[in-house]
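One structure is given below, represented as C-alpha cells, and several questions about it will come after.
Residue numbering begins at 1 within each chain, and the chains themselves are lettered A, B, C and D in the order written.
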Amino acid sequence: MVGGGRGAFIGAVHRHAAALDGLIELVCGAFSSSPEKSIASGDDLMLSPDRCYGTYEEMFEKEKNREDGMDIVAIVTPNHMHFAPAKMALENGFHVVCDKPVTFSLEEAEELKKIVEETGLLFALTHNYTGYPMIKHAKYLINEGKIGKIRKVVVEYQQGWLSYSEEKSGENKQANWRTDPAKSGKAGAVGDIGTHAENLAEYVTGLQISELCADLTAFGEGRVLDDDANMLLRFNNGAKGVLHCSQIANGEQNGLTLRVYGEEGSLHWKQEVPQYLTHKTIGTQQIYQPSVGELSDVANHNTRIPFGHPEGYLEAFANIYKNFATTVSKTMNGETPNEFDLDYPKIEDGIRGMEFIDAVIKSGEDSTWVKM
Amino acid sequence: MVGGGRGAFIGAVHRHAAALDGLIELVCGAFSSSPEKSIASGDDLMLSPDRCYGTYEEMFEKEKNREDGMDIVAIVTPNHMHFAPAKMALENGFHVVCDKPVTFSLEEAEELKKIVEETGLLFALTHNYTGYPMIKHAKYLINEGKIGKIRKVVVEYQQGWLSYSEEKSGENKQANWRTDPAKSGKAGAVGDIGTHAENLAEYVTGLQISELCADLTAFGEGRVLDDDANMLLRFNNGAKGVLHCSQIANGEQNGLTLRVYGEEGSLHWKQEVPQYLTHKTIGTQQIYQPSVGELSDVANHNTRIPFGHPEGYLEAFANIYKNFATTVSKTMNGETPNEFDLDYPKIEDGIRGMEFIDAVIKSGEDSTWVKM
Amino acid sequence: MVGGGRGAFIGAVHRHAAALDGLIELVCGAFSSSPEKSIASGDDLMLSPDRCYGTYEEMFEKEKNREDGMDIVAIVTPNHMHFAPAKMALENGFHVVCDKPVTFSLEEAEELKKIVEETGLLFALTHNYTGYPMIKHAKYLINEGKIGKIRKVVVEYQQGWLSYSEEKSGENKQANWRTDPAKSGKAGAVGDIGTHAENLAEYVTGLQISELCADLTAFGEGRVLDDDANMLLRFNNGAKGVLHCSQIANGEQNGLTLRVYGEEGSLHWKQEVPQYLTHKTIGTQQIYQPSVGELSDVANHNTRIPFGHPEGYLEAFANIYKNFATTVSKTMNGETPNEFDLDYPKIEDGIRGMEFIDAVIKSGEDSTWVKM
Amino acid sequence: MVGGGRGAFIGAVHRHAAALDGLIELVCGAFSSSPEKSIASGDDLMLSPDRCYGTYEEMFEKEKNREDGMDIVAIVTPNHMHFAPAKMALENGFHVVCDKPVTFSLEEAEELKKIVEETGLLFALTHNYTGYPMIKHAKYLINEGKIGKIRKVVVEYQQGWLSYSEEKSGENKQANWRTDPAKSGKAGAVGDIGTHAENLAEYVTGLQISELCADLTAFGEGRVLDDDANMLLRFNNGAKGVLHCSQIANGEQNGLTLRVYGEEGSLHWKQEVPQYLTHKTIGTQQIYQPSVGELSDVANHNTRIPFGHPEGYLEAFANIYKNFATTVSKTMNGETPNEFDLDYPKIEDGIRGMEFIDAVIKSGEDSTWVKM
C-alpha cells in the first residue's frame, strides 16, 4: 500500500475492503513519507517494521526481491501522487489498484495507459460505486432492454462536508488536499465526486457523454477549486441528462443517486440505501433487492449474504477488490478470468474521467457546450 | 366557471378545491362551447339549465345582471383561451381565478396585468403547489434565516404520462391540446409544468432567476413541443441551480420536488408525500409535519386537521381558493385582508412565468445562457 | 348536524368531508346545547340563525316540517350522546351518519340496530379509514386470492397525544371526554381507536376475530380508562394476529397500520402515507397507488384525481359520505344503489365494535383468552 | 471454527465478520464431520489440509499443542451441537464464540455458564443485531434518560422464508435442521429469531421481561415446531410490550424492528435500513445516523466509515468479533479491556434466551401468562 497512514480516510477503506473476503492479505506499506510514521501506521495494522517503508521506491525495490513479496500495490495517496508510484509499480512488475481520479492530468493518464499495455500487468481503478450489486443489476436490466431505449439520465452526487471552509482549520487532512489545486488538479468537486457520477452513469447505461454544458462555482470563502458543479449532458445515443455534484450541499452526506429513464420504464437508485433498486413504469413500481427473487447472475455474484441482511459501502468496495484479486490470481495461475471476474474499473475508465474533467472545466470557463 | 366540462381534468379539481371549505358555491358555468354539452355538464353538478351557458360572453352578460349572480369567475380552459375570457370577466366586474400559465404569450400577460390594475379587481393564478402548508413553512424558515444564505436550488418536475405519444390516439383530450402549439403556446413541458417548478422555486426562496441555460427535447414521435427540458439556473443573489422537467420520464407520476441548500442547512420537499419537510444540517436531520410541534403560523393557517391525518393535493389547491375567497370577501365587505389571506399567486406570478418560457425557449434555440 | 360546535375536532372533519364532492349541503345544526353557542357556531358556517338549534329534539321537530328540511343527520357528539339523537332521528324519518363507536354500550347498539331495521332508513358509521382507495384495493386483492389463505394479521393504531395527561388542564375538550368513563364508556384507547383497528382488519380481510387475549393499561397519572392496549387475536379461519393501540406512544401521530400475510404473499399499508399499498411475495415487492396501472374498479371509484396527486384523510372520509349520500339519493329517487354505493360502514359494524370492546375489557380484567 | 462447511450459511458470515477488521485470522477448522469434506471446505478458504480436521476433538487436541495454535474457537453448528464443543473448547483452554441460541436446553446453558466461570475463559454469543451502531446509540439515549421512563416496547422479527415448507425438498440444509426438534430444540421461530428479538429488547432498554403470554402456531404443513409466535410482554419496571416473530410472513425478508416508547419520546429502528435511528417526540422527529453530528462515543466506536457510506449486517456482526477479539487480546496481554471492548453478548445472554424459550413454550401450551 502506498499512502493510507494514520488519519487518512481512504486507506482504511481499502484495507477493510481488501480484507473482507480473505483473498488479499496486507503484507507491507509505504504509509507515509516519514519512515517512523510509516512504521507506526504499520504497527497499528500488525505489520512488522521491516515491511513498513518510508518511500514507495524502497518498498518496490525490496518487495520484488522477496520470496513472499507483495503481488498487488494499492495506491491511496492524493491525486498528484498517483502517477509516479503507479508507473514505477508497473515497471517493477506489480499489479496496481489505484484510487480515482486516476492521475493529475489527462496526459499522465494516457501515458499510464501505455505503460499498462506495455507491461501486460493488471490495473484497477476504485470507482467503487459500480461495485454495488443493485448497480450491476441495473446495468443488466438496461442491457436486456427492460426499460427500452434510454432517453434521460439524471445523476447526482451531493455532499455538504465542505460547507464551512474546513480547509482553513489546517486540521482536516482531506479538506486540505482536496481544495488545493497543486494536489487535486484543475477540478475540485468535479474531480473528486463528479468523476464517480460520470463513471456510474456511463457504466450503468453503456452510453457515453458526447457533449456537456457546465456551471462551476467555488462557494467556500477563498476557495479556488469548484465546490459545486451543475451540468447538462448529451449522450451518444441522443439521450439527454443532468449531472450535478456539490460539496457545499449542507446537510447532504454521500448523496450519490442515479435515475435512468427509457422509453419503457425507469430505474432509480440511491447510494445511501444501496440495497434497493426501483423499477417504475407507467403502471408499476417494483423494488429489487439483493438475493430476492429472480435476480441477475451478476448481482448474485456480487452479493455475500441472504436477503434482508443489508450489505453496504465496504462490501461494494470489496467487490472491486474481489473481482480484481480473482482476475490477478487466475492470471498468475494461467487460468482465464470470466466476465464477472473482469468486471472492475480499468485504466480506460480513468482516461474517460480525465477527459470529463477537461471538458467540464473548459465548458465552465467558456459558458458554452463542449464536446467530449 | 369557464371550461371544465365532462372529461376535463383540471375543471373538476377546481370544483373540489373550491367546495372543500364551504366558502365558495358553484352557481353557473360555461362548461363547453356547445350549449347542450354545457347543460349536460352542469346537470352532473346539480346546476339548473338556466345557469349553464354556451359561451362565457353570455354568462358574463346574464350573471352580472342577476341579484344572485356570481362574484368570481374560474377560467379552466386551455392556455390559448385564458386571455379573452379573463379580460372580459374583469371588464364586466368579476374577480378572476385563472389556471396557469396565465396566457398564451407574454404580451397577453402584460396586457392582462394592466386590466387588473385598471379595474382594481382581484386576480388569482392557480400555481397550486405553493398552497401546501409545508411549502409555506419552508418559505418561512428561509425567510427567518434558518438555513442561511442560499447557495443552491434544485427543482424538478418529472412526469411520464406523455411517454407514448398519447396525443396520437385522439382520445386523450389533455394530451391533444398540451402537445398542440396552437393551444399551448411555444412551450410544452416547460409551459405546463416547468412554470410550476419556476414559480415554486422563486416563491419559496424569495429569489429570482436571473439567467438560465436550457436544453429542450421533443422525444415523442412527431411531437413539436418540448416534452423534456433540462436547465442550469443562476439566481439574483449569486446562488446556482438546476431545474429539470419532463413528461416522458416513464414511471414518474407527478414528481415535483424542491431542495434548497443554504450556508447553514437545507430543506427538502416532495409533492408526492407533501406532508413532510426535511431540514438537514451537517449534524441533524429533522422532519417537519403539519400541526406537529412549533410550526409557523402560516403553515397552521393552511392546515385543516391534526397531525398524522394527511392532507393532499386538493387541500393545497383549496388553500389558494380559500385565501383568495377570503380576500375577495373581505374586500367586498370593506375589510382589509391580512397577509395570510393575500398569500395566493397573482398576475405578477403569471408575468414571471411567461418571461421564463420566453427565456427557456430562446436559450434552447441558441444553446446559450439567456438573462431573464 | 348534532354536535360539532366551535372547538370540536370531528365535527369540522365531517363538514369538510361532506362538502368535498358537492353532494351534501349543510343546512342546519344543533351544534351546542346552548342556543347562543349553536347560533355562533352556525354563523361561522354561514348558516342563518333560524336553522341553528339549541337541542336536537327541536331541530328534528322543525326540520321535518320544512319543505327544504334536511334529509340526513350527522351525529358527531361524544359516545354517550350517540344513541338518543340517533334513535330520535330515525324515528323522525331522517337517515343517519354517526361517529364511532356507535353507542355507549352493546345493548344500545343492538337496540339501535332494531330501530334501523324497523324504520327502513339508512345508517352509516364513520369508520372512515375504510374509505381509503388503497384499503379498497387491498380488500379486492385478498378477495381475489392474490395473497392466498390468510395466516397472520397485524394491525396497529399508535398515537401519543395523551402522553401527558392533557385532560388535567381542563382545556382540551377532546382529552376531557375521551378519558371520562361517563362519556366514553368502559374503554378508552380501545373504544376510540382500537375499534377502528378492529373494523379495518375485519373489513379488509373479510374474516372475523373469534378469540382474543388483551393486556390493558392506564399509564396516564390518575387516568381510569385504558390508554394502551395490546392483544393477541385468533380469526375464524385459523389465522392469528396482533392488535395493539396506544394513546401514550409518545412521538406517534396517527399511526394506523395494517399488514396481512397470506400463504402466497402479503399486503402492507400505513395511514400516514395512505397512497401506497405494498404487495410483497418472497420474490417481489410491488407498490400500488391510486390511478396507477390496472387498479381495481372499486379503488378507482373512490379516487378523484390522477396519479401522483395525493389524496388524504379528508378524501377518505368523504368517500364514506359520497357513497352513503349516493345510496340515500338513489333510494329516495327509487333507484337501486350499486355495490360501490353501498360500500360504507353500517350498523352491523357498530355492533361488532361494541362486541369487541366488551371482549377486550373482559380479557384484560381476567387475564385470559375471551371468545367474541 | 467448528462447523461452517460448504453450503452452510452462518459459517461464512462468521468468517467475513471476523476478517473485516484484520484482528482475527482463520487458522484451522473442523468444518464437517467428514475429514475429506472438512479439507475441501478449508481449501476454499486457503487453509492447508493439515489444519482441517474431521472432528473438533482432534482439532482441540492438535491445536492446543501447536506454537501457533488457535486462540479462539467459533462454534457455528446447529443448536444441538453447541454445548459439547463449547464445553470441550473451554476445558482445553480456548476462548469461545458461539452462535445462538446458546445451547439445546436451559440445563446445558446453566452448566456451560459454570464452566465459563470455572475456567475463567472468555465466551461470546453472537446476538449480532446488538452490534449495530444505531442500536448502541439507542441504548445510550435511553440510559441518558432522553425518552424518559419506558412505557411500551414493540419488537418484531418477521421472515417469510419458511412459507412453503422448504424442509420437504430436503435440499435446504438450513430449513431441515431449523424445523427439526432433534436439532433445534423445543422452539422453532421462537428459538431462531424470537431470542434475537428478546435479546435486542432487553439489551437496548436495560429492562427484563418479567411475564409473557404467547400464542404459537406451526402453519407449515406437517411442521412440528412453531413458525409463528405472537406474545404480550410485561417488563420489570411496569412497561408493557409486544413481541411477534414469524418465518411464514410471506414477503418479509429479515424484518427485525424495535420501537421503544418512553414518557418523553420514542425510538424507532429497522434492521433492514440499520443506519437510521428515529427519535420522535410529540413535537419533533429527528433521524440519527452513524458519524453524523454529536453521536455517542459508543456509536462512534462501532462505526468504521464516515457518514453517508452505509455499513450493514456484516459490519454489525464484525463489531461483536472486534470487541471480543480486543477483550481476548488485552486479557492475554495482561491489559484491562474497557467498557467498549466488553460490550459483546455473553453467557448470561444465552441463559436469558433459554429461559425465554421455556416461558414462551409453557405459555403457548397453557394459554396463560407465565412469569420468567
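Heads up, the rule we're going with is that a residue touches a chain if its C-beta (ideal position, glycine included) is under 8 Å from a C-beta of that chain, and two chains touch if they have at least 3 such contacts.
Owing to the predicted nature of the structure, the values given are computational and were not obtained by experimental measurement.
Any chain touching chain A that also touches chain B appears here: C, D. Graph distance from chain B to chain D, where chains that touch are one step apart, equals 1. By count of C-beta pairs in contact, A-D exceeds the other of the chain pairs A-C and A-D.
Once the centre of each chain is set as its mean CA position, chain C and chain D turn out to be 43 Å apart.
Look at where the CA atoms of chain A average out and do the same for chain D: the two points lie 34 Å apart.
If you average the CA atoms of chain A and of chain C, the two centres end up 55 Å from each other. Within chain D, residues 252, 282, 285, 289, 292 each touch two or more of the remaining chains. By the touch rule above, chain C contacts chain A in their complex via residues 282-289, 292-294. By the touch criterion given at the top, residues 9, 12-13, 15-16, 19-22, 26, 45-46, 159, 252-255, 271-275, 289, 292, 304-315 of chain C touch chain B in their complex. Of all residues in chain B, only 147-148, 151-152, 154, 160-161, 163-164, 213, 215, 217, 219, 228, 230-232, 234, 240-242, 244, 246, 248-252, 261-266, 279-282, 285, 367-369 touch chain A in the complex they form.
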